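Before anything else, here is the set of structures, which you'll find just below.
Same chain, two partners: chain A is paired with chain B first, then with chain C.
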Partner chain A sequence: MSQYQALGGRILTKPFMVLGLIFAISLYFMFERFVTGGMGAVSNLNGGFAWGIWVVYDVVIGTAFACGGYALAIAVYVFNKGQYHPLVRPAVLASLLGYALGGFGAFFDMGRFWQFYEIFLPWNWNFNSVMLEVGLCVAIYILVLAMEFAPALLEKLGQKKLLKSLNKVLFLFIALGILLPTMHQSSLGSLLIAMGHKVNPLWQVMHMQPLLALMTAILMGFSIVLFEASTVTVGFKRKSETHMLTGLGKIIVGLLIAFLVVRFGVLMFQGKLGLIFAGDFASFMFILENILFVIPLIILLSPERRAQGSKLLIAGVCLLLAGSLYRFDAFLLTFNPGPGYNYFPSVPEIMITLGVIAFELMAYIVIVKLLPVMHREEHA
Partner chain B sequence: MAENEFDFSELEKRLGVNRRTFLKFCTGVAASLGLPTSAAVAMAEAVADPKKRPPVIWLHGQECTGPTEALLRSEQPSLEHLILDLISLDYHQTLDSGAGHQVEDMKKKSMHDNKGKYLLVIEGAIPEKDNGIYCKIAGETMTDLTREAAEHAAAIVAYGSCASWGGVQAASPNPTGATGAPQFLKDKTVLTIPGCPPNPANFIGSVLYFVTFGKLPPIDDKGRPKWAYGRLVHENCYRRPHFDAGRFATEFGDEGHKKGWCLYKMGCKGPETYNNCSSLEYNNIGGQVWPVGVGHPCFGCSEKGVGFNKPLFSLAEVITHTPPNMFPTIEDREDANGMTAGAAALAGVAVGAVIGATAMSAKKLDEKQSDSNTDKS
Partner chain C sequence: MKRRNFLKTSLGGTVTAAAALGGTVLSGTAQARENLEPAPEAVGMLFDSTLCVGCKACVTKCKQVNDMPPTIEGDHTAWDSARDLSGDTLNVIKVYQNGTSATKDAEIDGFCFEKRSCMHCVDPGCVSVCPTTSMQHNPITGIVTHHPETCIGCRNCMVGCPYNVPQFQYNEVFGQINKCQMCNQKGVERIDNGQMTGCAEVCPTGATLFGPRKLLLQEAKQRMTLKKGDIYNYPRGDISKPDNYYEKEVPDYKQHIWGEKEAGGTNVMHISSVSFDKLGMPPLGERSAPSVAEGVQHTLYSYLALPALALAGLTYTVKQNTSNHDDDDGGES
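Here is the complex of A and B:
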């Protein structure tokens, strides 16, 4: 008997219908974006802000949210912390959905999306391009995640033979599943290097960009595991997984301290600490962002609070907001492409993004109900 | 002195340059050839070793001596010293101090003594019509002289456009049947350094390569060293962004010309001419000294079938990318929509929903935990 179980239950619940409604509204705008209107009709994108919420949320932040599988894979397979293994499969599912929809989200922002296939033709490759690295790496990683998640589907279908042969080579995909996110998550930082002086000095730390991007991605990965496990516990009325999450909280503390040391150390060496108190919009956003980074640190430093599921959830959400704000700030909010440009997403833009998120949640709910994803609950 | 360190003191005396300047020069040449720093040391050692200096026979055909003049005015550190001492220049009609039978005898003697070891440089076109009677030196035709010298040469370099394919002499109607060295010496490999005048750096770099490694650098199908002629002038041109953005000068002195826009519409042949002018410039004095840099379209002097062939101000054939007919406006900045009330509300609701859901879940988690605690107790 498998260690995993499908949760079962009714699919058309009330929250599911609400999500469905949001998704239906977004479908209307997607139709306008791709068929009738085009990009200009639905978005506020312009010559200065070529990347809006679609890229910055759906791809840059969305893939970091989808780093749960990556972060746990590092913990379980690299640092051999087998006790977190029950969390891996749901995290891989969340990663698969996050990346697949992040990849799909990139299409919204592509002016000539029908030429997308060109990126897969090696004779078109420009090896100096960060975008190529990100694009190819994300595309391959989606396939790798699908392979990592395939056992759940095969178990459901009862394909024992296929499952057996897949399990023999699965270690290869797990290894790739650690290598690829390391590559493209750090490249998301390199994108900021390429944008040069348009990025606000508080976020433009040049060659430390990839390291910071990678660290926030892993932090957000662990946080999303906290978030997801907590909400699943509440939403599906399952037994609390707090005992496992406490350990993750400890890992987060170490990582978070390292991140803050690097973040402020770099600013100190670059002589930019004064900018934090400049009193302008960027300094306000910086302070807000770092408060959100420090709150989870304070919460998680105490072992008692770490043992409380609610505090873990709050810390996780704070970190997710902090990591998102870090990327939003650098790519969008304090981004300055030159005088005269400004950007705030339009209603259709936001609706499309919300629709994508709604679809992701719906897919997650349906899959955990139908496929053996969640770890079988131990009987007390 | 360590064993592997080379003695440059002899060289300092010979060339009148100090060791530092000389090594810097070699490093620069190695870098433009795309070779590692170790090659620069190898080059320096090769030049410093008098035994490695190849004898050079330099022939002039139909030409204006432009390539030699360009070489002499090269501003590299004591370049004329270097080129004269780097190689053993046994015969060169412009630079020989002797004259008449004396130098001709010297040439014959050197060619005989250094059979298979000397470097042959050909400058100028070779007229083939009427048995080559249109260019004679010391009573012999250029065709005979070339054939004779090429017979036992270790390597052959055609220096300048005339030697590379005939140059201006070969332009229609070509009354003397002028041709270039590679076309004339069909059975030999000829390294060509086209240009009118050619950039001396391309010549010296290739010769240094020959002296150091004993063979010619990699060449393309027209005999040009790939390190110097591997890219179009257009590719590295500093006016290229104007080309891509559709900003063109249309006549001398117009607004675009004054602002330094792309010269494509004035007939610049950069898009079909392979040379490194746009990255190396000319005369080594910087400051954009090369035709396009000083505001004149490139006329394709180093490209067979372009220079002396296509009219000066006719449009070039763009080998890589043609500019699009339409460009998106980048000036249109006020067009950006601001934040609408609906969008702000929607964003607020989304963030609020996350925070609200978190608070609710946190509460439920607490209840659950206290339940299980009471269960246990």
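Here is the complex of A and C:
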């Protein structure tokens, strides 16, 4: 018997219908974007701000939210922390959905979506382009995640033989599933390098971009696991998994310290520490962002607090906000293309992004109810 | 396993992994490539803001050459009212105004004009970032062209251009990126046919001067040496074979040739008597951003050797660790 179980229960609950409504509204604007009006009709994108929330939220931040599967894979398979294994399958599902919808976000942000396949044709490839690496890597990773999640589906369908053969080669996909996010999550940071002066000096750390981006991705990955595991426990009234999460808390502390050392070390090395107290908008955002990084550090440093589910949840949420803000600040909030350009997302733009998130949540709810994703409680 | 022990290994492991990556990234800086050099027969333009009278003949001509509609504002149908570059405008003349705007070319209480169009960078960001090679840099002439056939519309070229030059046609469902291609795109090919750019051809004062980058740079340097108030014989059209010359009093030039060195230099250069930050030019150093980005990228991905090595290591480790805690049911995922 599988160690996983489908949660079962009614699918059409009230929250589910609300999500459905949000998604339906977004469909209307997607129709406008693809059929009647074009991107200009639904968004506030312009000549200076060519990337708005669709790129920055849906892709750059959304995929970091979807790093739970990646972060846990590192813990379980590289550092052999088998005790976290029960958390893997739900995390892989969340990653699969997060990345798939990030891919979808990239598609409706694509100005020339009808020839998206041009990026997959090798004779077009420009090996200097960070975007090429991100595009290809994310596309392959979505397939890899699908393979990693396939056992859940095969179990449900009772395909014992297929499941056995898949399990024999699964280690290959797991290895790829660790390599690929390492590559493209660091590259998401490298995208900032070529934007040069448009990126505020507090975030424009040039060659250190990939390292900082990767560290925030892993941090956010572990935080989302903390977050998901605690909310699922509450939302689906399951037994608490706090004991498992406590250990994750410790890992996060180590990573967080390393991140802050690098973050401030680079600024010191580049002589930019003074900018933190410049008193302008960027310095305010920087301080806010780093307070959000430090709060979880303080919470998680104490073993007592680490053992409390509610404190873990607060730490996880703070870190997710901090990581998101780090990327938002760099790509959008303090981004300055030059005089004459402003950007604030339009309502339809926001609705499309909300629709995508709603769809992601709906899919998650349906799948954990129908497929064996959650770990059986007696094992937990 | 003892909790304390594996906590140590875990932290140690993460830090080592981060340090390894950090090391690679740092060594990447050491190996970052130099700025690119100007193409051997680079052609470009020299825009002398002190000669521009704001007639916008170049804006109109540019629209004709590129077959683009004029931008109409209100009921001013007599002229093109484009205020900035857009999917349908590859060239604009902007005005600088200060205080009473009384004196031409004075930084204080004065006004002057500034041209905005592609700078045809020597080390172009748009080319470096484009995933599908839809922005191309001619290795002989240095002209930067766009090729919509392969473009996916990711708009990285827009954010990767220091001057916000490439523009997307947001208001069309099937839009494309547009930018000045020095009048040399397929079907126009003015430069290949021995003509000059449209904007230089119609410029009545020679404010926009066409020609080989070398000659233009020489000319710009010479103008820097002129004394204010002297008379100088300004060429018009193509500097290698000017249509005519005319005499004019020398203005108070700022000692700065924009595009000689900025971010690796540009083939379209500007000179002015108002400082460039006031004219909206970006704060650029001499190092080009793409040279840093490509250095990092190539160090991390040198022929995919590092990723391949990492994959081999990971596969081995994962294989070890999956067999450690496999269950009979094969519930790995």
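Throughout what follows, the second predicted complex is superposed on the first by the 378 of 380 C-alpha atoms of A that agree within 3 Å, B and C clash if a C-alpha of one lies under 4 Å from a C-alpha of the other, contacts with A are read in each partner's own complex, and residues count from 1 in each chain.
Rule of thumb we're sticking to: a residue touches a chain if its C-beta (ideal position, glycine included) is under 8 Å from a C-beta of that chain, and two chains touch if they have at least 3 such contacts.
Note that this is a predicted model, so its numbers are computed, not measured.
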item: Side-by-side fit of chain B and chain C on chain A, or clash; value: clash
item: Touched partner set for A:F34, first chain B, second chain C, both or neither; value: second
item: Chain C versus chain B, contacts on chain A by residue; value: C
item: Touching partner for A:K156 - first (chain B), second (chain C), both, neither; value: neither
item: Which superposed partner A:I350 touches (first chain B, second chain C, both, neither); value: first
item: Partner chain(s) touched by A:R305 [first = chain B, second = chain C, both, neither]; value: neither
item: Which of chain B and chain C A:Y341 touches, first, second, both or neither; value: both
item: Partner chain in contact with A:G48 - chain B first, chain C second, else both or neither; value: both
item: Clash-bearing segment of chain C relative to chain B, given 8-16, 26-34 or 80-88; value: 80-88
item: Doubly contacted chain A residues - partners chain C and chain B; value: 46-48, 338-341
item: Chain C residues within the chain A interface of the complex; value: 3, 6-7, 9-11, 13-15, 18, 21-22, 25-26, 28-29, 32, 84-86, 125, 127-134, 148, 150-156, 158-160, 162, 164, 167-177, 263, 280, 282-284, 289-290, 292-298, 300-301, 307, 310-311, 314-315, 317-322, 324-325, 327, 329-333
item: Complex interface listing, chain A residues touching chain B; value: 44, 46-49, 230-231, 233-234, 240, 242, 308-311, 313-314, 317, 321, 338-347, 349-351, 354
item: Of chain B, residues touching chain A in the complex; value: 328-330, 332-340, 342-344, 346-347, 350, 354-355, 357-358, 360-366, 368-369, 372
item: List of chain A residues in touch with chain C within their complex; value: 1-4, 34-41, 43, 45-48, 50-51, 75-82, 85, 88-89, 92, 106, 109-116, 118-119, 121, 124-133, 135, 148-152, 155, 163-164, 167, 170-172, 174-176, 178-179, 182-183, 186-187, 190-191, 193-198, 206-211, 214-215, 218, 247, 250-251, 254-255, 258, 262, 337-341
